[in-house]
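Two complexes, one shared chain (chain A), two partners (chain B, chain C).
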Partner chain A sequence: MKQPYGIDRDEVLALEDLSVGFVHGGTSTVLAHVSLSIRRGETLGLVGESGCGKSTLGRAVMRLLPSNAAVDGEIRLLGRDVRAMDDREIRRLRGGSVAMIFQNPMSALNPVLTIGRQITEALETHTGLRGRAATARAVELLHLVGIGRPVDRVHDYPHQLSGGMRQRAMIAMAVSCDPKLLIADEPTTALDVTVQTQILDLLAALQEKLSMAILFISHDMAAVASVADRVAVMYAGRIVEQGQATALLLDPAHPYTSGLLNSVPSVDGAKLARLQAIPGNVSAGSAEAAGCSFHPRCRFAVTGCDAEAPPLADIGDGRASRCWLATEDWRPDAAARGLAT
Partner chain B sequence: MIRFIALRIAAAFVVLFVVASATFFVLNLTGDPVTAVLQGTGASQEEIAALKVELGYDRPIIVRYGEFIWSVAHGDFGVSIRYGQPSIDMVMERLPYTLILGGTAIAIVVVLGLPIGILAALFRGGWFDRVFSAATGLAQSVPHFVVGPLLILFFAVLLGWLPVSGGASSSSIILPALTLALYPLALVSRVLRASMLETIEQDYVLTAESKGLSKPVIVLRHMARNALLPVLTVIALQIIAMIGGTIVVESIFSWPGLGSFARDTLLASDFPLAQTIIIFVAAAVVTINLVVDIVYALVDPRIRLK
Partner chain C sequence: MTDASPLVSVSDLSVEFGGGRRAFRAVDGVSFELMRGETLGVIGESGCGKSTLVRAVLQLLRPAGGSVLFKGRELTRLGGRELRRMRHQMQMIFQDPRSSLDPRWSVGKTLREPLAVHGIASGREADRLVDEMLEAVALPSSAGTRYPHEFSGGQLQRIAIARALVVKPELVVCDEPTASLDVSVQAQVVNLLSELQERFGLTYIFISHDLAIVRHLAHRVMIMYFGRVAEILPSEDIAPAARHPYTRTLLSAVRDPASAIQRRARTLDIAPAEALELPLLQPDGCYYQMRCAHAEARCRSVTPTLDEVEASHSVACHRWRSLAQGTAA
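Right after this comes the complex of A and B.
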């Protein structure tokens, strides 16, 4: 699984054993030994509840964590070690080969600068474009992301655009310098449902056109299902399951994934299926707790789950599950039906 | 934008009319100025009555009010009872001194206060920030009438670098301007520091960082511009407060401006002259507010009227 340097030319991002903690008084671990990789043109969906560390992971890749963050492990982007880069190199990388879009397009755009200016400043930093040429390119980009009358919109301020339009402008800004990786941190969460679909379609279309990889961070299983090629599920700072999107979402192997999927409302025929919430919540610092971090909330927990943390075990078909019960055949949904009867 | 400015200018004239009227009534309802000025000078009752008739103070107040508004609207501010000269000329003679003093103080506040506030926020908790906190705390708690004499004692008497008072040489302005600027300088830089610390947390700063912009660009283009909005209001209020400050500071330093003159005039009940000074001060306040509104609209696009 682990590739030596420079062999896999399609690898865009690789995290090896990445851990992040925040120091304030003591240290709280937010990410624990996370390894994952994204290949060119691929979309990796990173899902989990709020506070599981998925946004921290996105920011760690761009070295945008606050100064009290303690980072350990390797972050390899296009074959280069991000953690070893000096300030100039990291600035060339940000907005250049890696770009980021955020949850709330309302607050992520600067209210006192025009949309056009916020795009051209990225162009000025990473491409040679300046002045009129940069503005012309900004207009093209706004057109590319489906904003009507871009020649006028380029002079608009964020408050003059709707939420969906703002997120489109944000995306235009992010893709302006042809990134190889786009980190989308909950890009649809703050938008209403019809707009969400439009934004997801736009991301998929842009990905094809620009052949960029996307790290799609979300707690919205439906959104992840519609865009991701592969999915990694995070719980309390660790990846608990990963695999191909369709297989993982249709046939989850980890009790937590199964719980997440069962908590998505769905209409099953005519009757609305009953929602099943996962009892409890992610407790702070549970990444360091003894045993499996999910066992206090797990309905399948057996003796031993609270003693030692399970490894991320390979269960075939490129899938892995961090559960003592995980085998090629064991599935929580089937086991739950067994428990019920 | 043109419409925005035109509306504000129209509003400014309404304010001036109200101020002029209020001033007229407040002054004239306290009694008649002729008696107040001539009392104790040995003038007889007949002479006082004759001067009242000559200056028109024997007529009903409403008639005098109409006449006052009419002449002010035509640029005629009347004649000083005490000096017998057109009051507008007397004001115009002193106004430039106050404008230069105030302008210098404002320049000190802006040129020093903005960078100091930004630096204190960027190096929060560092030695610069700690010195800043102590110094601004001190500057904000010492009044003009203490700062002025202390500055005179140190720079003029002990060191002999600067003149003690007056407006004769070009270096005379330094001490009064510093005295006037000290409090607003401390306040403005403190407000900017707090405002900068708030913008550091904003999402758009993270966006700017994620675009690979350099630190100076992020600080000046993205943070400072947003952080400046509350500071503008404080600067405007401080400039207006400075008008009051000039009365004290000009008196301490014998600065030949409008501030010390206003004090003398009001104490002497010279109504036409006092009215003129008050209208000019009101006009200054209105103009400052107008300028601030325009600057606000330039800095924050959300305020512009469509």
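Right after this comes the complex of A and C.
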């Protein structure tokens, strides 16, 4: 594909100033001025709670938003403008160079078609493989995702598989046409912990093998920590912090990131009398409210936080934090220890 | 003196689905005791029988065998009417408040109904109890006139908790009450449950698949595998004390961000999935044999009994003595 001059050849996906609103009477803003990019072979973890806009972002990339969505900004996929594509082009893209896996494989798989048929269908649409060759490739793919006895399993229907197996089958389908970008929307949320670990390992291993980029959407910080190279934390439709996964997760710079990490208890170490909860709930702040959308729940909020929204400030080492207090050195965990003494 | 006797005492409880020779034992010979004011955490993967177990304890499902003593009374022999008279003493909180609350009932009506059903209060007295309960779960009394769709998930779970507690139960069974909530709200509900336990002297059975949450809330943790108790132990030092290979597997699967980052240094292999799925047939011997790295001949023929490791710590594994503490499965 011809790349316009000046564009990073390894860039797979870039969002620039993406905003999405839904029109129903008035307009509600779900995503506000989001910019991010993912390069070849890289995993970007997109973290946030329900309603923060992370799934809307994934769907916007695939152009799967409902017709009342008002989209603004640029979505550049493999150097091309997704919003300018015609229907034929976008159909070729979906399931081809961009694939998506969802939280609940049972609702994403067709219950009346065998696993094998669902994979060969994608192969026929996107690669031209047919008949025995397609079936052979489906068997290969099931083997690739760690499903035992794939020769028999291609004839199984979704209900004959366990939850973990179904998620593997869905991953096999997603990677069948060698995607450049895989959008994984909460792929481990519905699974048991032991199976979650397997699926996360599988995704990491597949990525290395196929060198695809992954947009990993999840509310689970630990799941994100297992796979992501970089992390973007979303709150009420905006990115509030982003940076390298290790630095961000071990040393959070935004009060919300630190709050999310601290509200989960550990299985070893001393038991706490109370968990450190973030007060209030997400609806307490929204993308349209004046000031920082997190300030009503923030223990560090100061005068001014309610008046003007902070910018996503660069704090060095490729990190950014949307907080008036953010500097290179300010960290909420250290500040909280200061408050306590 | 009653304080020294357990509130609930379950012995050899079994639940079967289907009849005759093809019957499936979803719960198979489970025994435990629950003291007043205690929280017992029940943990296991989906399909392990943890929800079936508590439903059988509450007699929402009739067990195939075994006994459930609640305050000294044998629940399995009680008829429907007698059971109904005791229901207000044992309440349940479910995973998804959106599906367990009636969308067309105001919160006030939802909370007044159990008071009327159990003949506890009506009129002004009922209103007073409802207001008191809303205050206890940190909702404004104006919430009473509003409807479920006006609340967030965390607030709805507070309402569901209020409905369970308004009849002043002694035993509260919580079936994954935080699983459908956002992380930041989960911690609020967990804190609320501990506060309410202290305030009203409640006894909890807390079901979850989240070992970290269970450890935080429970005094003792019961690990279930395929309908049987694998291990039961104090929650405080579950990580160092766990003996059963399955408990160790669950512990090693718990990820927090810091350990997850460390784990990424490993080599990447795609492991076959087969070994970690639940078996569909109930084999002879220990059910965990197929997944267990330490299984030997007797594990495939003899069902392990629940042996006492020390006071309040029991394990059902033939090999617990020879497996060193801290051995990963």
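Observations, loosely collected:
Everything below uses one rule, namely that the second predicted complex is superposed on the first by the 326 of 341 C-alpha atoms of A that agree within 3 Å, B and C clash if a C-alpha of one lies under 4 Å from a C-alpha of the other, contacts with A are read in each partner's own complex, and residues count from 1 in each chain.
The definition used in the following text is that contacts are C-beta pairs under 8 Å (C-beta built on N, C-alpha and C of every residue); 3 or more make two chains touch, one makes a residue touch a chain.
Note that this is a predicted model, so its numbers are computed, not measured.
For the composite obtained by overlaying on chain A, chain B and chain C can both be accommodated side by side without a clash.
Of the two partners chain B and chain C, more chain A residues are in touch with C. Of the two partner chains placed by the overlay, only chain C lies in contact with A:Val145; chain B stays clear of it. Shared-chain residue A:Thr125: touches chain B; no touch with chain C. Once the two structures are overlaid on chain A, chain A sits at the apex of an angle of 70° toward chain B and chain C, using CA centres and rounding to a multiple of 10. By the touch criterion defined above, A:Ser107 lies against chain B but remains apart from chain C after alignment on the C-alpha atoms of chain A.
Of the two partner chains placed by the overlay, neither chain B nor chain C lies in contact with A:Leu46. Once the two complexes are overlaid on the shared chain, A:Asp192 sits against chain C while remaining clear of chain B.
By the touch criterion defined above, A:Leu15 lies against neither chain B nor chain C after alignment on the C-alpha atoms of chain A. Closest approach of chain B to chain C, taken over C-alpha atoms in the A-based superposition, is 15 Å. Chain A residues in contact with chain B (one complex) as well as with chain C (other complex) do not exist.
By the touch rule above, chain B contacts chain A in their complex via residues 202-204, 206-214, 217, 221-222, 225-226, 299-302. Contacts from chain A toward chain C in the complex involve residues 49-50, 144-149, 162-165, 168, 192-198, 201-202, 204-206, 208, 219-226, 245-246, 249-250, 259-261, 263-268, 271-272, 274-279, 281-283, 297. Here chain A touches chain B in the complex through residues 62, 64, 91-96, 99-100, 102, 104, 107-114, 121-122, 125-126, 157, 159, 170, 173, going by the rule given at the top. Of all the residues in chain C, the ones that touch chain A in their complex are 45-46, 152-155, 182-188, 190-191, 194, 209-213, 215-216, 235-236, 238-240, 249-251, 253-261, 263-264, 268-274, 276-278.
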